[in-house]
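Structures given as structure tokens follow.
Paired with chain B in one complex and with chain C in the other, chain A is shared by the two complexes that follow.
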Partner chain A sequence: MDCYGKYLHVRSDAEKKARRRKILRRNFIATAMASPPFIGFLLFTTLPMIISLAISFTELHSYNLSLAKFTGFGNYVEVLRSDMLWTAVLNTLYYCLSVPLNLCLALFIANVLTRKIVCGKAVRVILFIPQVCSSVAVTLMWQWIFEDNYGVINTVLSALNIPKIHFMTDKNWFMPAVLTISLWQNGTNVVLLEAAFANINKSLQEAARIDGASERRVFWSVTLPGLTPTVFYMVTMNLITALQEQTVMQIITTNGVGPGYRALTLVYYIYRMAFTYTSTMGMGMACALSWIVALIIIIIMRINFKLGQKWVCYD
Partner chain B sequence: MKKIVCFLLALLLFTPLLTACGGGSSNNIQFWVYGSSDQLDMYTRVTDAFNDSYGKDHGIKVDISQKPNGSYGQTVQVSSTSSSGPDVFLIAEAEFKSWIIGQYFCPIQEYVDKVTDISLGDIMPTTVNRLRYNVETNTSHVDDPLYGLPLDTQPTALYYNRTMFEKAGIIEISVDENNLDAWNAGEIADNNGKMKSDFPALNGITVPKKGYYRSVNPYYYDGDRTRGWIKPDFENGEVAVFNNRIAMNWDEVEDLAMLFSGRYNPKAGEENKADPVTEFGTQYGYFTEWWFNYGWSVGGDCLNDLTGSGEWNFSLLDPNPNYVVMDGTFTGRTGTVYNEGETISFIDKMNILSVDGKDEVLVPDDYGDYYHADKSLGKAGIWEGIQAGLDAGVLSQLPSTRDAFSRYLKLGAKSNAVIDGENGLDISPNPSTFSARTSMNYFFSGNLAILAQSSVYMADLSEEAKARGFSWDVAPLVVYKEYEDPSDPDCDTVKAQGKQAGHSNSLSMVVRTGSEKKDDAVRFMMWMASEEGQRIRASIGFFPNQKSLLPEVEFKKGVAPGNVRVFSEALEFQGPGDWWYMPDHVWVEKWCVDLNAEVRNGLMTYEEWYSPAIKRTNEWLQQYKKYSR
Partner chain C sequence: MKNDVFLNDAAFVPAKKKRNPLIGSHIIILFAVLFVLLPTYIMLITSFTSAIEANNAAFRWWPESGLTLSGYIKAFTRKTAGNSLLRSFGNTMWIYMPATIVGVFVSSMAAFAFAKLDFYLKKPMFAILLASLTLPNCIGIIASFLMFDAIGWINTALPLMIPRMLGSVGVVFFLRQYFMGIPDDLVGAASIDGLGEIGVYFKIMLPIAVPALISQFILNFIIGYNDYLPPLLYLQNAKMYTLQISLAFFAEAYVQDWPLRMAGCVISMVPLIVLYLISQKYILKGVAISSGLKG
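Let's look at the complex of A and B:
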């Protein structure tokens, strides 16, 4: 014991106290530093969610919460009875076509970019620019492109003596036009897939080629399975975004709902319930639909993850 | 240093939390405004004048605070429950009723009644009555509670391109109907200082009392079919005169519009193009975004209150004729006395039976017509007293609201679209084609010859016209007018005439429900709406609410056209648009979304559209009775 005694130092009470104080101070500072975002999360995410859930059981046509009247599940029943809800669901699903379309286009472009092409870097920058532009500005730009009288497309069609296409007023053309905007803003997907392409195990591809596999076979059997984790991530994120589409629809329409209510997606319908259809629907119904939409997204994501287990290759 | 940076970073992370904090309170009246630079300048000037005069004498000080246009409404709404919001704020009529239901502002009649030292003068009822609302019954009768006072009202009129008219060979005159005989006799000059002798082409011609006169082949609608339009033959002596002091009738505006429509008068080489233009560069002749002018002119409306107490029904497709008093007075079914020029209301023209001493409530069907409460009695039809009025020559029959509406629809419908059995005229752009530009932009770009729009665009248009080198003026909105013989170009004897009608936009002042200075706030509002306040507005080019002040409006140099008084005159009869009728506009979407996108583009027939549209709209109108208030 003695021979080790010089190495041992038994802390005095004062030292222990000082150390505890130091730890406490350090914890306090760490907690203080971490608390603003946490408080922000509580105040601006958790609390609104709780309030929204509470409002969904009331009738409320104002920002003034004291005017809310309890209606039980009345709003949920009204929302599910609303004929516009099913229009909004169909429109949202239609818009979700942007997910596979964007994915295929991004896959094609990323595949091309992995090869040595002229001005590859410039092409990448050009492809990514739409992604960093404001959605509002991009939508307004496309609104001009699709314009009936002076839009680029219709000007060209007129010059060719082809009847104009009323992109914004013909319900058959409206959604394809909106999907085009989404396709144009595909930069992030391309970048992610290009990175995924770069991470594919080259030795596996080489081995397949040595075994006599064609380039197509290599792509389908080696490259694509290697991309599936990224593709799965993209499907998940893009699907959530598509299910929440509102900005483009709100800006691009002139009458607020598009031709034949084509612009009315679920989230846009929530917005209109709260702020446009305030008197006949109002905040209560908007909150109820918000929770229904949240539930729909959770179910779709659950299905997505279940299916993902069957096709995503993490090896 | 590190600690300071950490502290600042932490503070930065807290900043979002600070956004919820409001400003402090003040003893002064807080007046929140938004608008264009001209409007903001006007609000400031009138407020300053109040502070220097009435406010100073009564110890009231008003602080004016400008808010961003885009978020004004939300800023005010959010402040409704706080102690630091505005005392007085502005409200557009589209939000008026929904904000009352949301209790963002309060009734003011009791405060107005207390004020005895401010007079509203001869304020026009059309500007005040739209600010009344009974929340319980969802009605706006003259005895319903008053919620605000008018500040800025913007009437509508027809803007037209004078340069284009001149190029087309149309003679433009500006002679009031009462002065036309004297002008024809060469005794007086018109409002532009032109004598008849200044127009050699008018030698030997007596210009009739018409908004648009063609000496040969005037276009007219004969009730069964649309007669083919014949282009004016100016080379062989035909004369066309446009008088901007007389409202055109429906035939005249269509006739004029066809001259400027590529479909009827294409430039050489444009004949076979999909969207031809005229030699004047126009694609279309005439555009009005609103049906009101047509429907109201014959005495119809898009909503009828079947009981007078909020039993609203969609009536735009009512097939029953309307009636106007042509001579003397007429007493309607309910005892209401109508004077010359007034149209008979729905409740007075229909054959409503008395059941147990009470009027029955008519039952609307899905085709626009009305049945007796006891459906076995069949359609209600027209009250027998109306026939007596017609026989006595007191009343004249006018088109039904449905006819007026379909006439309006035909303007912008494509030629392949069939509206109530007749093809579209395609002389107007479809309102929904204005996706990236406004109709005014379309007008000053030279695509359109005549446009119905609000007075608010005058300043913008004068600048654009200057830059683009064309001149413009305004004329009254069109009116229903039937001549004894429409095929005779010189016949101006009127067989039946509807009333002048149209809509004006209004921005009003209201008092926030939570304000603790309501008495002073109402005093300030009353002063702003009074002759004193409105005179200041008039002096800087804003139309006042008092009839007696209308001649005093002074515009900035070059802003106002020669016939600007058309706007002043319109203020007296123009009311709010259909966006004001109900607390929100879902009911409008129920009938107009398919109409604009499908029917007008020929993708759906009128017959396919109207019955489901009536059903949907009437069903939705029931919703306005459901929610608690």
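Let's look at the complex of A and C:
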């Protein structure tokens, strides 16, 4: 872009000044263009983080920040001591089972979709539909399907003379039901993986076939390693989302916490601490918990990246 | 499958000729499609069933008492806390539509700067934005609520609109990738012709990037339309509720009226499904390309 560079040595001082001003002007315009997302990050992500850290060391039972009382690490100790924290951690980890489940199924479907399927395009379009539906509506829909008396599943079960399953009130069946809901919204994963299948180097596969490798062998030794970067990206993204799941739990429970507190995931617990148990726990504890949750997520992400170095092949 | 292996190993038949009719694959795909469509059908048919039948008898695949619109009529006319579904649909539109348009436009400008311009802070700014993607946003939920409360933004649309209008990091990355694919010569030629940075952006980059912008707009509008926790926290006046919040309260108010609830779900899903079906090419391509970013 710079076509003056060569002639710099013949410039007078005035010209140099003008040039410097031009560079400054360019810098100013470019920085101005690039800065809105950055300012947004500073104001609406960084600033709340700092406020959150500050509040986490105080006791606060209302929305009025001036009523905060400093308590040091009291909130952290109290959060770590509560039994409910470990319930929430286990629930969240249980919910994270959705990541491998969804990815394996998506891998399977995407693999099949690469073959010549009748109406393949229409299938793709249909499989993505759940992805544009809101968690609220989808959760309500499945709540009806899992309903105790007249829901579809229990109707079918009683027609087959199998005892009814109380998905929403039996604590052993609650999570499988929620995992099914998450499995229903799996379209993005299928589309991403299908694109990854299409991007795989075809000549490598052909070479393997000519060398006498079976189809199964080609899949496991050539195709799958080529997919690993995409799969790793998806594991990371799905894991971050799953670790912070909250909407589904809040909508699906009728009593607020689900059978045996099974609906209480970490982020939902933060929400309840602040807005349901305001007088007993309050904002300070909620902020302390949100930092603990962030720490848990960051640790899990570190492990994920460390493990990723072992199984992802970039070539 | 066994047959495949046998042919391949023994006779060295070229891979392409040994395709069987793929019956197994079609059955798998059929199951996947049914898994998606059956719940949708159940929701639809329940929404057209009379309340008496749906709430008192076992589920039927086709209602015995015939189809009725009463669920929809109730969903459109009933109010919860002074708010109707229609009104909240309007709220969703006027909050998220302009915010998303401005946000995608602003992001595209930033993406252009990061892709094609040089400035002193480029590298550190970009690195920080990149790192921000891995920050768990649960840290700030409570604090941003208190922050917006302190500056009097609660019960206004501002906390939902302003952060969106400043652009989103995901869109910046997507569009940056897109702009990097446009040859530098084009920009160089234009700036020799006397077009400044802003001129290059508006006259050359923006027209080329319109399809990418549309796909990002649709994807982000869908995200906004389906947003749940932020509007739940920031909008406490029922008149302000967005569609999702309204639907959730609606469902809470009519726990046992399943046709009404399902009608509410259908009403909230249909606009987006229609938008998706019209623009599925943009959407699916946009989603597929975003995998190339690799975080």
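Keep this in mind: the second predicted complex is superposed on the first by the 276 of 315 C-alpha atoms of A that agree within 3 Å, B and C clash if a C-alpha of one lies under 4 Å from a C-alpha of the other, contacts with A are read in each partner's own complex, and residues count from 1 in each chain.
As a working rule, a contact is a pair of C-beta atoms (placed from the backbone, for glycine too) under 8 Å apart; a residue touches a chain by one contact, two chains touch by 3 or more.
Quantities reported herein were computed from a predicted structural model and do not represent experimental measurements.
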First, second, both or neither for A:G40, with chain B first and chain C second: both
Partner chain(s) touched by A:Y63 [first = chain B, second = chain C, both, neither]: both
In the superposition, chain B vs chain C on chain A residues touched: C
Contacts of A:K17 with chain B and chain C, given as first, second, both or neither: neither
First, second, both or neither for A:Y261, with chain B first and chain C second: first
First (chain B), second (chain C), both or neither touched by A:R302: neither
Partner chain in contact with A:E147 - chain B first, chain C second, else both or neither: both
Contacts of A:I109 with chain B and chain C, given as first, second, both or neither: second
Partner chain(s) touched by A:K164 [first = chain B, second = chain C, both, neither]: first
Chain B versus chain C as contact partner of A:K202, first or second or both or neither: neither
Doubly contacted chain A residues - partners chain C and chain B: 29, 33, 36-37, 39-40, 43-44, 63, 65, 140, 144, 147, 150-151, 158, 254
Of chain A, residues touching chain B in the complex: 29, 32-33, 36-37, 39-40, 43-44, 59, 61-67, 69, 140, 143-144, 146-151, 157-158, 161-164, 166, 168-171, 252, 254-257, 259-261, 276-282
Chain A to chain C touching residues, read off their complex: 1, 3, 26-27, 29-31, 33-41, 43-45, 47-49, 51-52, 55, 63, 65, 108-109, 112-113, 115-118, 123-130, 132-138, 140-142, 144-145, 147, 150-152, 155, 158-159, 184, 188, 191-192, 194-196, 206, 209, 212-216, 229-230, 233-234, 236-237, 240, 243-244, 246-247, 251, 254, 266-267, 270-271, 274, 283, 286-287, 290-291, 293-294, 297-298, 301
Contact footprint of chain A on chain B as seen in their complex: 6, 9-10, 13-14, 16-17, 77-78, 80-81, 97-98, 101-104, 272-275, 283, 430, 432-437, 442, 447, 582-586, 589, 592-594, 596-598, 601, 603, 620, 623-624, 626-628
Chain C - residues contacting chain A, complex: 1, 4-5, 8-9, 12, 14-15, 19, 22, 25-26, 28-29, 32-33, 35-37, 39-40, 42-43, 46, 54-59, 106-107, 109-110, 112-114, 117-122, 125, 128-129, 132, 134-147, 149-150, 162-163, 166-169, 172, 184, 187-188, 191-192, 196-198, 201, 222, 225-226, 228-229, 244, 247-248, 251, 255, 258, 261-262, 264-265, 268-269, 272-273, 275-277, 280, 283-284, 287-291, 293-295
